[in-house]
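Chain IDs A, B, C and D follow the sequence of writing; residue 1 opens each chain.
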Amino acid sequence: MPETTPWALALGQMALLVALGPLVTGLIQKLKARLQCRSGAGLLQPYSDLAKLFRKGSVRADTATSLFGAVPVLVLAATLSAAALVPVVYVAPQGSDGAVVPLGDAILLLGWLALGRFLTAAGALDAGGAFGGMGASREMTVATLVEPVLIVVAFSVAVAAGTTDLAGIVAHHTQGRHIFGAPDLLALFAMLVLLLAETGRIPVDNPDTHLELTMLHEGMLLEHSGPGLGCLVLAHHTKQIVVIALVQALFLPPMASSLSPRALAVAFLGFAGLTVVLALFLALIEASYAKLRFFRLPQFLGIGFVSAFLAAALRLL
Amino acid sequence: MTPELAARLIDAIGAFLLFTMIHILAASQLYRAIYVVAAQSVFIALAGAVLGAATDNLDLWIIAIVTLLVKAILLPWLLFGVVRRIRIHREIVSVIPITVTLAIAGVIVVVAFHLSSSLGSVTQAITGNALPVGISLTLMGVLVMMSRRTALVQMIGLFASENGIFFTAMAVSQGMPLIIEIGVILDVILGALVMGVLVLRVRSSIDSDIADLDRLRG
Amino acid sequence: MRPDTGSSLMFAAYAVGAAAPIAAGWSTGVTRLLGHLGLLTGAVMGVWVAVLSLTQPDAPVVASGPALFPFAALSVSLDGLGAYFLLVISLVAVAAALFGPAYLRAHPTRSAAVEVAGINVFVASMALVVFAHDALTFLLAWEGMTLASYALVVAEGGEGNARAGLVYIAMAHAGTALLMGVFLLLVGRAESFDFYLIRQTAATLSDGERTLLFFLVLGGLAAKAGVVPLHVWLPLAHPAAPSHVSALMSGVMLKVAIYGVLRFGFDLLAPREGPLPPSWGWTVLILGATSSVLGVLYALQQHDLKRLLAFHSVENVGIILMGAGIALLLCRRGGACEVVAAVGLAAALLHTLNHAAFKGLLFLCAGSIQVATHLLNLEDLGGLGRRMPWTAWLFLLGAVAISALPPLNGFVSEWMTFQALVLGGAALKGAEGLAAIIAASALALTGGLAAACFVKAFGVTFLGRPRSSHAAEAVEVPLSMRAGMLLLAAVCVAVGVLPGPVLSLVDAPVRCLIGGPGLGALVTVRGPLVLSALGTDGGVTAVSTTAAAALFGALAVGVLAFVAWPRAAGRRLAPTWTCGMAPDSRFDYSATAFAKPLRFIFAALYQPKRTVERDTGVNPYVVRRLRWEGDVVDIAETQLYRRLLDGVMHVASAVRRRSTGSIHGYIGYVIGTLLLTLLAFGRA
Amino acid sequence: MSSLLWILPLVPTSFGLLMLGVRDRRWLNALDLASNALVATLVVALAQHVMSAGPLRAAGVFAADAVTILFLALVAFLGLTTAIYTVGWMRHKVAAGEIPERRLPVYFALIQIFIATMLVTVVADNLGVLWIAMEGTTITSALLVGFARDRDGLEAAWKYIIVTTIGISFGLFGTVLIYAAAAHAQGGVPEGAMNFTTIVAIAPTLDPGIVRIGFIFALIGYGTKAGLAPVHMWLPDAHSQAPTPVSALLSGALIKCALFGIIRFHTIARGACGPAFAGDLLLLFGLVSVVVATPFILTQQDVKRLLGYHSVEHVGIVAFGLGIGGPLGTYAALLHVLNHGVTKALVFFVAGDAIGRCGSRDMRRIRGLLRVAPFAGTFLMLGAFSLAGTPPFSIFISELLVIQAGLAGGHTLAVALFLAMVVVIFAGLIHHAGKMAFGAPEPSVHAGEEPRSGLLAMSLLAAVMLALGLTVPVPLHDVLVRAAEVTLGM
């Protein structure tokens, strides 16, 4: 395999993530069901849901503007662009000038996710109901508390690696110059707290419920239907696996050293294994905790901020 | 008339003027205050005459006579005219108690002498301690204006203060050039006339003393 | 065409515009047209001159004006920094000139003459400030700028505007007094008003003196830039002016103050060699961080669209100052710090241009809403998206840009500011590094809050059901107004997708201020595609916004094709489900409700007060009418200004009460003064 | 040419006496304009002569050097503009019955004599003549201040005449002391000892002790007349009760003549006791005036009293400039005399109009001037901004120079306090002016037409104000430089 252009690499890894997205959700639902001593839906249930949604017709609110139709498309596009940035299995070796198209910057990735969230919230307000407004308002509030923590975590790692480019960070890890010390542990802990918030899992938001007052992310999708809803759900799954991949990239990236199929397979297995571990973590939290009251969230996310702050402090002092 | 004799005479007149000024400060009757001012003017005319004799230059004699005519006779006549026309009661009401006024007068004299003691070299040229006397006379005249309520007494205080300046001019530099001296006296008369007109106008329209009006403030 | 002939043409055009009312014989229509035509040509000339002198730095504009005053020759010159800010000023002025006539026809102020003359003089004096090469021109232009904008703020008459105008001009004048004091101290030393000589004498100042002067100047400039403790006038003055003037004031006038900070910080007061005193960088950084966070927090709770945008100007000025602060901190320290300083300064300059573009765009949108509905309170608007599609999409574009979301220009400058803060933190190490990271988290918090605020502003205004009859009958604004908005929107997209060319423009001011290789060698701009900054120890931090945007576009088209493919089941329109009740505008989430969670979380800062009146009638459980009234307190205003004002007025009235009207008092003062002076000064 | 100095004061006096016989208002206005126009042409001729052929002396009584030219120009210009303004103003007052026809001749005569005495003050070389003329101004202006014959007018007139006469008598005492010092220095034969030019020539030989006390008396004396704090208290009363043209002349011209007296004694004191003594005193009084004026300006309700206190502040600025001294400081102070005179007259005219229109002096009831009288409103805002010292108006330039001189002279603390006070006063003034100009007028206020003559006077003043703000023309610059040299006794 000659020098593959970075575009192919990015798109390939994006396709991989999109494909695995719904599977991870199915896995988490299955694990949660097992923990609650029930059999739960099949692993592939999310795929069939998506297929059903993409076939169905759609109902649009009479007050909605043309934005309502555009939101699902833009949100999915944004999330897919974010997916293209995360190195999953292979990273082109650093410093090779050639036709390196630097795509994978952490801040850009967070930017795309923020754009997705912005447009979903705007779309929710478009339908003109109380639930969309409440969902949008609460989602943006949580986002406001999450973003600074994400930045501090990313930067505490970036300061060690000397660059915020994900490929650079991964190369820093794989070339062994990085010893997994205390700052990384604290940063990882903060990242796990953020993982719960970003993917809308139990302590922050309840993904399975349709009870208006408790749902954040779901509240925004209420008015969408048919292919539009399908796009948004797919975007949610992709975002979940993108954040999981980000966690791995920042702390213990299972990267392949060369493009040979064998190395790629080994890397993929590493990625799959870590993903299962994280899924188990999420399922455990979901099964054992109840949803926090909305105004208790600042304290919960405060824990994340303090540990991220300590990570940065240990790194620098 | 030898210069030393003239100097001693001027000092005596200065002391007398100080005495009359304190008398005005403590005066409680309006008529008596006017008589005292007239007396002051007479003494200043006398000082002029003495200086004229000592340096025998004609201007000083003319000034003495003009002062006598205007300040000793014309001004008191004008003041009496105003007093009769505006029927104010005779005795003088004071804004700040007389003891305080006298204390301030004392302070003024002390400051005047303290100041002129620093002049050292120049005092011999100026006859005796005419300068401190002049300063205290002027300031005490203004003190009269500050401490008495009725407008008329303020006019009296003003004339007393101007007497003090005239005395200083005489004592310090044998009087100012003639035209200036005449011009100053002319201005004093005009000032007195205008003040008189103002006092009469207020008395006729609002029937309260002009010096009591204090609505304009802040 | 050489830049100096261009610039004289520019000022001539503004003069023609300003003189329009006289020439047009007071007929409103002609005055407006001629005036705005003058403004337009002037602004276009300004852009041309700026680009020209930025791209060919070897043809600097140097001219000395007529010797108006025997003691000071007025001299003018345009270096890299000046040219860049001239570009920013002229760009927004072009948009304002396009937007102006139609807006004023629909929303007239009291006299057309004041509108036209005012805006021309305003833009001309701002341009003159960046041209000034001596203290007197700088001060004259600076105060002229304030006066012209005051005239425009109070042009619409009415009590509210007069008070806003007063607060604005009083604080602006206090700032100018500080500036004048420092300038004249330097002029006193240099015995000449010329910047060149001032630069020489400033170089010989001791560090303590230099820092004192810098803090005095910073105080004066911060008052004009709307930095937090001194920002009180900004939300009062900007909304009071006509919208296209607010765009100029918010987008551009604050930047002239930033120009002042850069000119003094890097150029006039800088020592001949060796690093700048660290206290400068830290103060500017901390001021920037607090301004950005507090600015956006207060913006969140505003429900008047223009006040909201005004508070956002405070936030964005804060972001610019953060970039400038890091640059001040690290410049002239050699090695890695040099790289980071260049990136930080470039970030500040780029954000100046970006903010001018998207803030101008948002204010123009607010202007068109004002024209269409004569309303600006978010609680009365709603559902304008269907009735004013152009304005809606343009406002959305502006909102995405201001929230620093890719692929637009806000993201590019915020990304560079993040780079500067992180790499600066890495280079500084220790507690200082940590402080830089904290500043970065403050920037992120600001970004998050800005996104929340603009979802609220956009959603409540344009989406859902109209909340008032005016909003229901709104009609799209004429094309000329939209042209102004489209121009600025185009700038936002262009800078967002193709930052290369603009960064080459930013290179001239960076090299003019920091010297050294400038931006070229550091930010490898390979054609329009790639934008990257060298990491501190070799790692390449690169992001290609162009590539990202291209990918995003391609994916969007793909997904659109997939979704829009005609399905068998087709599409249906139906009213929103509101649990069975007849849906009307009261169901929609109002702006106050949207901001409620954040008001709850940041209650310590807001100290919210609310009063609720329940009209229950007979049955206490059936609420017939509910009246809610809430208010958020701007701490800076209440604690700082209210107290200061009341103190001064209290002392003043105490002194005034003491003066008696009696003549005896007057005479007493005369004697007392005489005696005291004699005692004090009488003896040798 | 030296006879010109004699003719100059005689013209207005003779016109004044002539006016006593004239009954018709229009004729009186015509004579008033003619007299002032003549005085203006004479001043221009005198100026050309002095600038080309150096100072002019006439019979030991009068003399004209560069400083005189400056003040003459100001008095003549203000006299002319006031005459123009009086045409419209008097027509309005007579129509409204506030001034009976029969008292017009007295009014116009008094105005002419008032201007004559001011001209003599400025042209006087002999300090005695200076004093006599100054006393003359006090007497004539006292009658003018009390012209309205209402209770407040008379109270203001009484306070004015008493306090200023006390001040002037101290001035006389100072003159006497300096004359004595001069006489002794010349060995007892005082032939020209009263003349300023001779005294300045022999200044270094004078005994510093006497001159020091004499200067203090003269400074407090003429300072009371000029309105330096803390002896300024009569000024707001007198300027607020006087008829508008008289207020303009008082604030614009008379205060400046008193400052002229202070400048004369300042030059003598510099010669005799060195620059430090006189400079520090003036600096102190200047600063005190600015500081004392601030609270009164902030909490003022009466528009004319506000302008009165503002005059106190600006006199303080001139004294501050003189106190800083040096060529630049003196240049700035003299320029400020000109600038303030012009601007203050303009604002008084506008205030007069506003009071006439809104029927009350209280600023809370004067509102919506821009709507009721657009021209007057614009002039009010222009004047207010100019008074507050913003470019492109003239006062900004002179304040800038004062500050520059102050900082160059090392008085940084004094300048800092000065700047702070100027900014506070700026806010106060714009607040008052803004409230008057904007907002809705009271229902009773009618939007009557604005008298053309008033607008002509105001636009003349505004034009000069703006012109001096943008540039200092070369001829004026030469006069100022030479005047500064004369003041510094170089």
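Basically, a residue touches a chain if its C-beta (ideal position, glycine included) is under 8 Å from a C-beta of that chain, and two chains touch if they have at least 3 such contacts.
The structure displayed is predicted, hence computed values, not measured ones.
**Student:** Per the definition of touch at the top, where is the C-beta contact count highest among chain pairs?
**Tutor:** Comparing chain pairs, contacts are most numerous for A-C.
**Student:** Which integer distance in Å separates the CA centroid of chain B from that of chain C?
**Tutor:** Distance between chain centres, rounded to whole Å: 70 Å.
**Student:** Averaging over Cα atoms per chain, report the distance between chain A and chain B in Å.
**Tutor:** The answer is 101 Å.
**Student:** Please compute the C-alpha centroid of chain B, do the same for chain D, then give the distance between them in whole Å.
**Tutor:** Averaging C-alpha atoms per chain gives centres 30 Å apart.
**Student:** Quick one: report the Å distance separating chain C from chain D, using the average Cα coordinate of each chain.
**Tutor:** Averaging C-alpha atoms per chain gives centres 44 Å apart.
**Student:** Send over the residues of chain C in touch with two or more other chains.
**Tutor:** Residue numbers touching two or more other chains: 656, 659, 661, 663, 667, 670, 674, 678, 682, 684.
**Student:** Indicate the residues of chain B shared as contacts by at least two other chains.
**Tutor:** Those would be 115, 118, 142, 145, 154, 211, 213-216, 218.
**Student:** On the basis of the stated criterion, which chains touch which? Give every pair.
**Tutor:** Final set of chain pairs in contact is A-C, B-C, B-D, C-D.
**Student:** Using the touch definition up top, name the residues of chain D that touch chain C in the complex.
**Tutor:** Against chain C, chain D makes touches at 158-159, 162-163, 166-167, 170, 208-209, 212-213, 216-217, 219-220, 224, 230-231, 233-234, 237, 277, 280-281, 294-296, 298-299, 328, 370-371, 385, 388, 390-392, 396-397, 400-401, 403-404, 407-408, 412, 415-416, 419-420, 422-424, 426-427, 430-431, 434-435, 437-439, 470-472, 474, 477.
**Student:** Within the complex, which stretch of chain A touches chain C?
**Tutor:** Result: residues 10, 54-67, 72-74, 76-78, 80-81, 84, 94-95, 100-103, 105, 107-108, 111-112, 114-115, 117-118, 121-122, 125-130, 132-134, 136-138, 140-141, 143-152, 155-156, 158-159, 161-165, 168, 172, 223, 226-228, 231, 294-295, 298, 309, 312-313, 316-317 of chain A touch chain C.
**Student:** Which of the residues in chain C come into contact with chain D in the complex?
**Tutor:** Within the complex, chain C touches chain D at residues 68-71, 110, 136, 139-140, 143-144, 146-147, 154, 157-159, 161-162, 165-166, 169-170, 173-174, 177, 180-181, 184-185, 187-188, 191, 648-649, 651-653, 655-656, 659, 661, 663, 665-667, 669-670, 672-674, 677-678, 681-682, 684.
**Student:** State the interface residues of chain D toward chain B in the complex, per the touch definition above.
**Tutor:** Where chain D meets chain B, its residues are 126, 128-129, 131-132, 135-136, 138-139, 142-143, 146, 149, 151-152, 154-159, 161-162, 165-166, 169-170, 172-173, 176-177, 179-181, 183-184, 190, 194, 207, 209-210, 213, 236-237, 240-241, 296, 299-300, 305.
**Student:** Could you please specify the touching residues of chain C with respect to chain A in the complex?
**Tutor:** That would be residues 383, 385-386, 389, 392, 396, 400, 403-406, 411, 415, 418-419, 422-423, 425-426, 429-431, 433-434, 437-438, 440-445, 447-449, 451-452, 454-456, 458-460, 462-465, 529-530, 532, 535-545, 547-548, 551-552, 555-556, 558-560, 562-563, 567-578, 583, 587-589, 593-598, 600-601 of chain C.
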